[in-house]
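Here come two complexes built around chain A, the first alongside chain B, the second alongside chain C.
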Partner chain A sequence: MMDIPATSSTPRVRFIEEKSVLEFVGESYPENSFAFFAPVFEWLNVELPHKEGLRVEVNIAYMNSSSTKCMLDILDALTESAEEGRKISVTWFYEAGNDRALDLAEEFKEDISLPFEIVPRETGKR
Partner chain B sequence: MQNLAALQRSFSEQGILMCFNGSFTHGIIEEIGTAIRRYLEGEKLTSGSITDVFAVYIEQTQNVKNYLERRRFAPEARNAAVIVIGNAGGMYQVCSGNTIAHSDIEELTSRLETVNSLDKTGLRKFYKERIREPHDPASPSAGLGLIDIARRASTKLEYSFQTIDEEYSFFSLSVSVAGEQR
Partner chain C sequence: MSAEDSGDKKYDDLMRAYRKLEDRFSKVLTISDSYQAQLRDVLMRMDLMAHTDSLTGISNRRDMMDRLEIELARAERYGSSFSIASFDIDDFKRVNDLYGHDVGDIVLKQVAGAFTENIRRSDSCARWGGEEFLVLFPETVLAEAALGAEKCRAAVAALSFESGDDRFDVTVSGGLCSYRLSGELGELLKAADEALYRAKNQGKNRIVSIPLPGDLSSGTN
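On to the complex of A and B.
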C-alpha cells in the first residue's frame, strides 16, 4: 500500500493494487526531490519483488530537473526488474499542444528500454 | 517606502512584472511560481513557452535557495537574494541575484561558460550524460539546473559578479526566454 497525497509542488504517488498501476499525478518540483522520491525507491525494493508486473502511469504537468533525474532512476530500476522477467510498461501523459512536455516524454522514451506509450491529454484534464 | 511612485515608474520603464527581495523559502517559490503561471496564461502564451519561463524560474530560485542553505552564511549574506521577472518586447527575462563566496566564483564561472559554449544539440547531449551520473546523497541538487536553464533560454546566459567585501560577491544571472504567442 502506497499512496502519497499531492501538494502544489509534489505529485500524488500511489500503487493501485487491483489494476497493478504505479501512478504519478500532479506537479513535481519538490524542495528536495531525492527525499520526496525516497519512499518510491523503498517501495520498489520491498514490494516490487512480490509483483508479477505493473504499468507505470506518469501524468505530471511540470517536472523540475532533479525530479527528472529521480524519475529516470525509477524507470532504470524498473528496467532491471523487467530484465528479471517482470512485465512492466510505461504510459506517459502530456498536455496536448505543449511541445516542451512532448520533448520530455520523447527523451525518456529514447533512454528507457521498457514498452513506452506517449499519450496526449486535453488541457486542464487529468 | 516614501517614494513608491518612483519605484513603480522605474519598474515600468524596465518592464519589470514581479520582484521578490528576501530569503527564498520553498513556500514562497511555490506561491510566486503559481502567480507567474497564471499571469502568463492570461498573456496568451503557448503552453510550451509558459513551461519554459516557469521552469527557468524554478531552477533559478531552487539553485539560489540550495546554495545559500548549503553555505550557511551569516544572516545578512544568507538573506540577500532577489528574483525579478520582466518582459521586454515579447522576451521574458528571469533574473536572480544572491550572495556568493569569492571561493565559489571560479567553479560557477566554469560551469556557466561550459553551458554557454554549447549549442542546443550539445546541451541535450550534456544533459543526458549528466543525468546518468550518480547522485551525491548529501545534496538536494542533481547538478542539472544550469543545463536545463540553458536548454530553455533563447540567448546565452548573462551573468556578473560584483564584489561586496573581502568575503562575498553578488552573483547576478539573467536568462531570456522567448514568449511565443498562441
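On to the complex of A and C.
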C-alpha cells in the first residue's frame, strides 16, 4: 500500500492494487527530490518483485531536474524488473496541443525498451 | 583469461558505465531545459495577460496605470506636460439591451481598434472599464491632444455596425485634461472624468477639455 498525497510541489504517488497501477499525478519540484522519491524506490525494490505486472501512469506537468533524474532512474528500475519477466508498461500523459510536452514525453521514452504509450490529456484535466 | 584480458574487460566495463552516466547527464539536462522553456512560455503568456484586456487586446487598466505613473514621473522630472483623454461609449447600455452582449462585445472591439489606429505611435490607449477607454498623450499639451482626441472621436463615429437587418452607429464622448507643473494622478483622472461628464451633458459625441488648476493654457470646449 503506497499513497503519498500531492502537495503544491510534489505529485500524488499511489499504487492502485485492484488495477495494478502505479500512478504519478501533479507537479514535481520538491526541495529534495531524492528524499521524496525514496519511498518509491523502496516500493519498487520490496513490493514490485511480488507482482506479476504493473502499469505505470505518469501525469506530471512539470518536473525539476532532480525529479527528472529520479524519474529516469525509476524507468530504469522498471526496465530491469521487466527483464526479469514481469509485464510492465508505461502510459505517459501530456497536455493536448502542447508540442513541447509531447517532445518531452518522447525524450523520456527514447531509451526505454518498455511498452511506452504517450496519451494526450485535455487541458485542465488531470 | 589472462591478467591483461581481465584488465581490458574492467576498462571496457568502466568506459561503458562512464558513457551511460554521461548520456544520462545529457538527457537530464535536455529534459530540464525543455521544462524550463515551457515555464518561460507560460511566464510570457501570463505577463501579456496581466497587461492586456482579454476582449479587445489593448492595454488594460493596470497597464495604463503603470504608463501614467511613468509619464507623471517624467513630467515632474523634466517639467514637461502630458494629456489624458477619458472616453466613454455613448448609450452603450442601449446597444447591449437592443442587440445583445455579443454585439456589444463587437462594438467594444471595434471602438478599441478605431482608437488604436488613430493615435500616434507614442500615444497609448487602454480599456479603462466596461465601456470606458483612456488615451494617454505623452509630452503633449492640451491643444495638441485635443486634435488627437477629436480624431479618435471622429473615427468611432465613422464606424458602422450591423445586427440582423439593423444598422446602427456608435459615438463616444471624451473628457480631456493635461498635467502641468504639479498635481497628482488621482486629481488628473478626476479632472478628465469631470470633462467627460460635461461632454455627456452637452449632448455627447464630443470632446470637452478642461485645464487643471495651475494650468496656464485655456480650456477649449
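Assume the second predicted complex is superposed on the first by the 126 of 126 C-alpha atoms of A that agree within 3 Å, B and C clash if a C-alpha of one lies under 4 Å from a C-alpha of the other, contacts with A are read in each partner's own complex, and residues count from 1 in each chain.
Throughout what follows, a contact is a pair of C-beta atoms (placed from the backbone, for glycine too) under 8 Å apart; a residue touches a chain by one contact, two chains touch by 3 or more.
Source: prediction; values computed, not measured.
Peer 1: Superposed on chain A, are chain B and chain C clashing or fitting side by side?
Peer 2: In the arrangement built by aligning on chain A, the partners chain C and chain B clash.
Peer 1: Of chain B and chain C, which one touches more of chain A's residues?
Peer 2: The partner with more contacted residues on chain A is B.
Peer 1: By the touch definition at the top of the document, which applies to A:72: first (chain B), second (chain C), both, or neither?
Peer 2: both
Peer 1: For A:32, is the partner it touches chain B (first), chain C (second), both, or none of the two (neither)?
Peer 2: first
Peer 1: So, does A:8 touch the first partner chain B, the second partner chain C, both, or neither?
Peer 2: After superposition on chain A, A:8 lies in contact with chain B alone.
Peer 1: Could you say whether A:64 touches chain B, chain C, both of them, or neither, answering first, second, both or neither?
Peer 2: Both partners, chain B and chain C.
Peer 1: Name the contact category of A:41: first (chain B only), second (chain C only), both, or neither.
Peer 2: The answer is neither, since A:41 touches no partner chain.
Peer 1: Is A:111 touching the first partner chain B, the second partner chain C, both, or neither of them?
Peer 2: So A:111 meets both chain B and chain C here.
Peer 1: Classify the contacts of A:99 with the two partner chains as first (chain B alone), second (chain C alone), both, or neither.
Peer 2: First partner only.
Peer 1: If both complexes are laid over each other on chain A, which piece of chain C (6-14, 42-50, 96-104 or 168-176) hits chain B?
Peer 2: 42-50
Peer 1: State which residues of chain A lie in both footprints, the one left by chain B and the one left by chain C.
Peer 2: Common interface on chain A, chain B vs chain C: 62, 64-65, 68-69, 72, 98, 100-101, 107, 111.
Peer 1: Going by the contact rule at the top, pick out the chain A residues touching chain B in the complex.
Peer 2: Answer in residue numbers: 8-9, 29, 31-35, 62, 64-66, 68-69, 72-73, 95, 97-101, 107, 111, 123.
Peer 1: Which part of chain B faces chain A closely enough to touch in the complex?
Peer 2: The touching residues are 26, 30, 33-34, 46-48, 51-52, 54-55, 58-59, 62, 124, 128, 131-132, 135, 137, 140-142, 144-145, 147-148, 152.
Peer 1: Name, in rising order, each residue of chain A that touches chain C in their complex.
Peer 2: 62-65, 68-69, 72, 98, 100-101, 103-104, 107-108, 110-111
Peer 1: Using the touch rule from the top, collect the residues of chain C that touch chain A in their complex.
Peer 2: Against chain A, chain C makes touches at 23-24, 27-32, 34-35, 37-39, 41.
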